[in-house]
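What follows is a pair of complexes built around chain A, which joins chain B in one and chain C in the other.
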Partner chain A sequence: MSNKSTMEFQSNKDFFSRVNLFVQTHTALMAVIIAAILFVATIIINPRSFNLVAIGNIVLLTVILSIPAAGQTMVLIGGGMDFGVGAVMSATAILTTYTMRGENGHFLPVLLISIAIGVVVGFVNGFCSVKIGLPAMIVTMAIANIVTRLQYILTQGVLSGTASPLLAATVKFKIGGVIPHVAVYALIIWPLVFYILNKSRFGKQLYLVGNNPAAAKLTGIKVDKVRIISYIFSGVLAAFAGIIGAAYMSTARCQIFDGYAYDSLIATIIGGTTFAGGSGSYAGSIAGSLVMVLLSNLLTSLNLASPIRNVLNAIILVLLLMLYNRGKAVRQ
Partner chain B sequence: MKKLLVVMLAACMVFALAACGGAADGGNKPAPAGSGSGSASAPAAGQTLKMASHNAVVEGNPYRVRYELDMQEAVADAANYGYNVSYNSFVANSDASTEQQQLQNSINEGFDIIVNNPVATTGLDPIIEQAQKAGIVYINADCAYMSTDVDILNVVTDQEYLGYKTGQYAGEVLGSGKKVVMIAALEGNQANTDRQRGFEKAIKEAGLEVVATGNHDWDTTKSQQTMAEILNSGVQFDGVLVSQCAENALAAFDAAGAKYPGFIGFGDTGAFMQKMLEVNKDGLVTPYIVLSNPPGVGATAFNFALNELAGKTLKDGVFAPGYEDTHQIWIASRVCYTDKDVAAGNLVEGKSIEEYANSFEAGDSITFWLSFQEVQDQYFN
Partner chain C sequence: MKSIGASFRRFRRKPAFTGFILFLVVLLLNIIVQGWSQCLSKGFSVGNALAFFQPTSLNSIFMSNMPFILVTIGQALLLLVGQMDVSIGVQIALVNVVCIMVPQQTGCPTWVGWLVGFAAAFAISALAGVCCSVLRLPSLLATYAMTFLIQGINVLIMAVPQGVVPRAYWKPYQSTVYGLFENPPSFLKFLDYIPVAALVLIAVLLIWHFFSRRPFGKHIYAVGTNQRNAFAAGINPVSTQMKAFLIKGFFVGVAGICLTLMSASGNPLQCEEYGIKSLSAAIIGGMGWGGWGSISCGVFGGGFLVLIQNAVYYFFTLLSKLFNGFAVTSYWHNFVSDIIIFGGLLMTLVTAREQRKTLQQGLKSQFKRGEKNVK
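So, the complex of A and B:
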């Protein structure tokens, strides 16, 4: 090999190493870049897809997905996993439509009962996986199954009631004809989650617990308590997302939002939060939610047959995960 | 203490997971002796017949929930014709091997009637033959079983009509050359295949142009999401052809703040009927069509089984033209109305359309089933 080609090879290697390093260290930013690429690709394929309706819809769906993703982010950072967010969302969505029955004035009881459901399910998930030591994936799926069975017991599987017009308006009404009102919920929840994760004592403890539980314990942190609280947060956020989801859908059947367990987990991982725990950010999870929504949009723009669309969706998601989210476990 | 908790939780999880597929005994009151005659399997006086309703899926699917409720009503109604029937329900959760095991179990348990809403359109030939050898009346319901190697009845709704009628009315209100969106149900499902055949035939006849397609898989959330994404794509269209879940497709317009389409259909739920009345209350905004795809088709299939068990023979020419080889009996849609019927003040099932639409819960769909006597009169000698 000549000196010139050796230098070129070395130069290319350095470039890819730098790209790889950038990708590994800026996962949230990568999710934003991927979202931008998807958005631009959609517009190139179909210029008409750049319209106000589309922007409003993208904001709406991203906000809804970002709420359970917030809980998922907390649990993953703490070293756990929550496959129960979809079941909790479905349960509170049913509670919302069943209680409201299309009439205003029931928001407070619905909110309080939903939060209670989220707290109970989150606590049980946390207690079983943290205190008893059952595998988080299995236990959260099993508890989710119980929550789902209860939906059928209470409703007999029959869809009943609708969200109140006022609640529906707080989600669907467009500010300036473009931005859906649901963005107001985002303005409350997003900063709150940012504060909890980045500024509060609990957030700092959560990162440390997920990163190195033994070290966290030695510093006096109640590791189990912190992890259980992360599950409770996840339950509560999923419960709230169920109310918002019911407003978006107007009606709710059993298991209506079960798919959000998968979607929120993927969005969180795309956003840079790893299964290993101790790393990740909510900004990344929001960007990951945006990626999920834009990817679905892009595939619809291609107007492909449903099976091909589903296969493509799965392949792209696997590629995205392979591309930049391969964080090594930081364990002692 | 921890061990005890582990054991208790493990038991709880096993219980929860096992609850996916269980049997529910519908029970029935004793009734006078059966009136069957002529068949070797004709029930003896005072005999209780055992009926197994096998379903690919129930949970998460209001249509299938109603299907089972209608089945229970038909079982109870059989007592009026002198049949004591006990009812058990089995759900395979869309798993073909579970379906086979459950069918095998029903054969072993000595059921008299099996009504199966199958997971797939083929693959059950050996077990069907085994059931028939055991003297069990095996009827396939709702989704057609397409094997020509077994001799069974397929009692299904006339899906082709639902698609055709919708496309035809869309063509009538929109006019030739107009652009439509087509949101189909579940790819690979026989009911969807038949329905799409009807849609495509009418689209061609009416000269409509399909500019965007999607599938909702009979999932209300997916219907709304698919419609939202089609709206996002900015594609220009005049009408929406949707294979049920129409109220959810329409909800996507609400969420997006988009102008309602020039046509939408078909829908068959209380939510759709009520929503369309509201949309058009101050004058016609969106023409639409309501058609029934009755979940009661399973209950109707059960009454075919009872008639077979009673030794009755089918009339000539009852099979759907072109589908004689798979013995398909297509039950016609009973309810069909459009915005024009509303404007004309026409009645549906003896009620004003407003009264009829408001008599439904939001998620409940239009249903009906043919009684033992109605099936006998229409299809048997």
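So, the complex of A and C:
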């Protein structure tokens, strides 16, 4: 009897360890599975939420979140962390609405200035955290604060201007009534990021730098340069995401996208990129973005009071983190 | 004279040296700017030149910033054991909400509400400790998730800002020691320079002093530097980190009560930014990530941030008095103080490098002396 129960326990343990192994080796797939569970849960709870408009919105928000998550993935792989993506997104969103003021024909200057902002902020972030050696989290946060203050000085806290109709149409217009046009942006950016991370020389160097900086240095890689470039990519991608976000929201107030700093970080972590650096994939980050969007979608469709929604959100986030992002035990 | 030099050199190797120098600089700046501004408006005199030290000014600085300084001390303690808590700001809002709502709803005396507030602070800190230390989740993300949780609880307890605190409670906190007396004798006038809020800080530091003398005071450094080595040396890392979280819970409780007495009302959605601000304050004060720093780093770092905001405010008043028609919005104040905070972060590098060098030299000289003795 006791023998049998031990065996059962043994097989149980096998099952759990196999699940654990699967989770740890297939993080991106796991994120997709979680996303699917969340989506099915949403439909079961509220069948009316299964419609084309809702699906279109999910695609749109996922694409917007996946762009700063791309930059975050690069920085995390290189062993850093970027808390400035939210502030950069808000800044370029405000820049977009303030420059366009609802007229067409300002897209190119807005794009160029935004990218310049992204490069400058990314470079300062990278330089301060890599060359000067300040803790990445604190220094990117301090710079994000300064960017936020600049937004207030520029706007004086007043809401003004809208994105141009053409830009808004390129984001919101739905092909066949289902897939929003923003998917076109995704078709440009996603392959580009995949190429940078997996095929280009920079991507290979970045993985090695994150994995083992000393070895990377010995092979002749300029470690600091690679890391700073990863921050610059993060700044530029966030700047671009800000323009698309402005087109989606039409108007932009200060700090509108600040939450994307944490959201992109959590999406990237759920997608299997680790704080330690050197591992992770962009496919995982896209799946993680999908999980974040579906999670907030689920909580909205539950139709709860906002404090209870906050509590639920926290509990689910902690559970997600517990699933496969625990540190190593001291005793092994 | 020699002993002063020696003790200065010893102090230079301390982690708090960075924060102390920055604090001193900004304190001087504050005294000059505030004094200058006062002299321009009220005529020159020694009293006006030292306007910073006037009882009302000192008292308002201590009183309104005590919650933030206490929170920074708590954050510094967590950084010592290699953890952090970005939800620390909403935690003091939780204590505030509990302190107001428990007496209001049950009709029990105010101090019972305070005890429940302390219990809430301990409970929420223990929960954060379980997430970060026992479950080994990344503390930044786990405590960020807890921000949602605590804010949700806050709003569930108190939907909108409301509530009052009896005058007998908040009046002593907001006054100076001299103001506590009914008919004070005039020879005690010097007590006017000691705010009651400063006594709270001193009491908290004394309590910390008691803890730091116990083995726990050494364990936090061992665990913060390297958990594995600490474990091999017979220290339980999880229990040390949990203790740190609970002591932080005590600091949060005191900070929440200070917040309640300061505002004399309740607000469920305040102080959220304290979580991140206290982190950068602790780093400016000279904390490293785990095992490097001390509680005084937190005090100086918190003081630095508080005084910067004060100094920038008086700097712009001074400018508006020097140049007629010069006026800027408070957005510029925030911008300038954030730039200075960033500068402070860069400054820690210069001073910290000095520190590391002295530390290394100290180690090397000891090492060499050891070799010489062997020969």
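The definition used in the following text is that the second predicted complex is superposed on the first by the 324 of 332 C-alpha atoms of A that agree within 3 Å, B and C clash if a C-alpha of one lies under 4 Å from a C-alpha of the other, contacts with A are read in each partner's own complex, and residues count from 1 in each chain.
Please note the rule applied: contacts are C-beta pairs under 8 Å (C-beta built on N, C-alpha and C of every residue); 3 or more make two chains touch, one makes a residue touch a chain.
Please read all numbers here as calculations on a predicted model, not as lab measurements.
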| item | value |
| --- | --- |
| Superposition on chain A - do chain B and chain C clash or fit | clash |
| Which of chain B and chain C A:137 touches, first, second, both or neither | second |
| Partner chain(s) touched by A:222 [first = chain B, second = chain C, both, neither] | neither |
| First, second, both or neither for A:306, with chain B first and chain C second | both |
| Touched partner set for A:199, first chain B, second chain C, both or neither | neither |
| Partner chain in contact with A:18 - chain B first, chain C second, else both or neither | neither |
| Partner chain in contact with A:145 - chain B first, chain C second, else both or neither | both |
| Touched partner set for A:253, first chain B, second chain C, both or neither | first |
| Touched partner set for A:160, first chain B, second chain C, both or neither | first |
| Touched partner set for A:128, first chain B, second chain C, both or neither | both |
| If touched residues of chain A are counted for chain B and for chain C, the larger one | B |
| Clash-bearing segment of chain C relative to chain B, given 184-192, 346-354 or 364-372 | 346-354 |
| Chain B and chain C contact sites that coincide on chain A, given as residue numbers | 128, 132, 134, 138-139, 142, 145-146, 149, 152, 156-157, 306-307 |
| Contact set on chain A toward chain C in their complex | 128, 132-135, 137-139, 141-143, 145-146, 149-150, 152-153, 156-157, 262, 265-266, 269, 275, 306-311, 313-315, 317-318, 321-322, 325-331 |
| Of chain B, residues touching chain A in the complex | 2, 5-6, 9, 12-13, 16-17, 19-20, 58-62, 65-66, 184, 187-188, 212-215, 217, 220-221, 224-226, 228-236, 247-248, 251, 254-258, 271, 361-364 |
| Chain A to chain B touching residues, read off their complex | 42, 46-51, 53-54, 56-58, 60-61, 128, 132, 134, 138-139, 142, 145-146, 148-149, 152, 156-162, 168, 171-172, 174, 177, 180, 248-251, 253-259, 296-297, 300-301, 303, 305-307 |
| Contact set on chain C toward chain A in their complex | 131, 135-138, 140-142, 144-149, 151-156, 227-228, 231, 237-238, 276, 279-280, 283, 289, 329, 331-332, 334-335, 338-339, 341-342, 345-346, 348-349 |
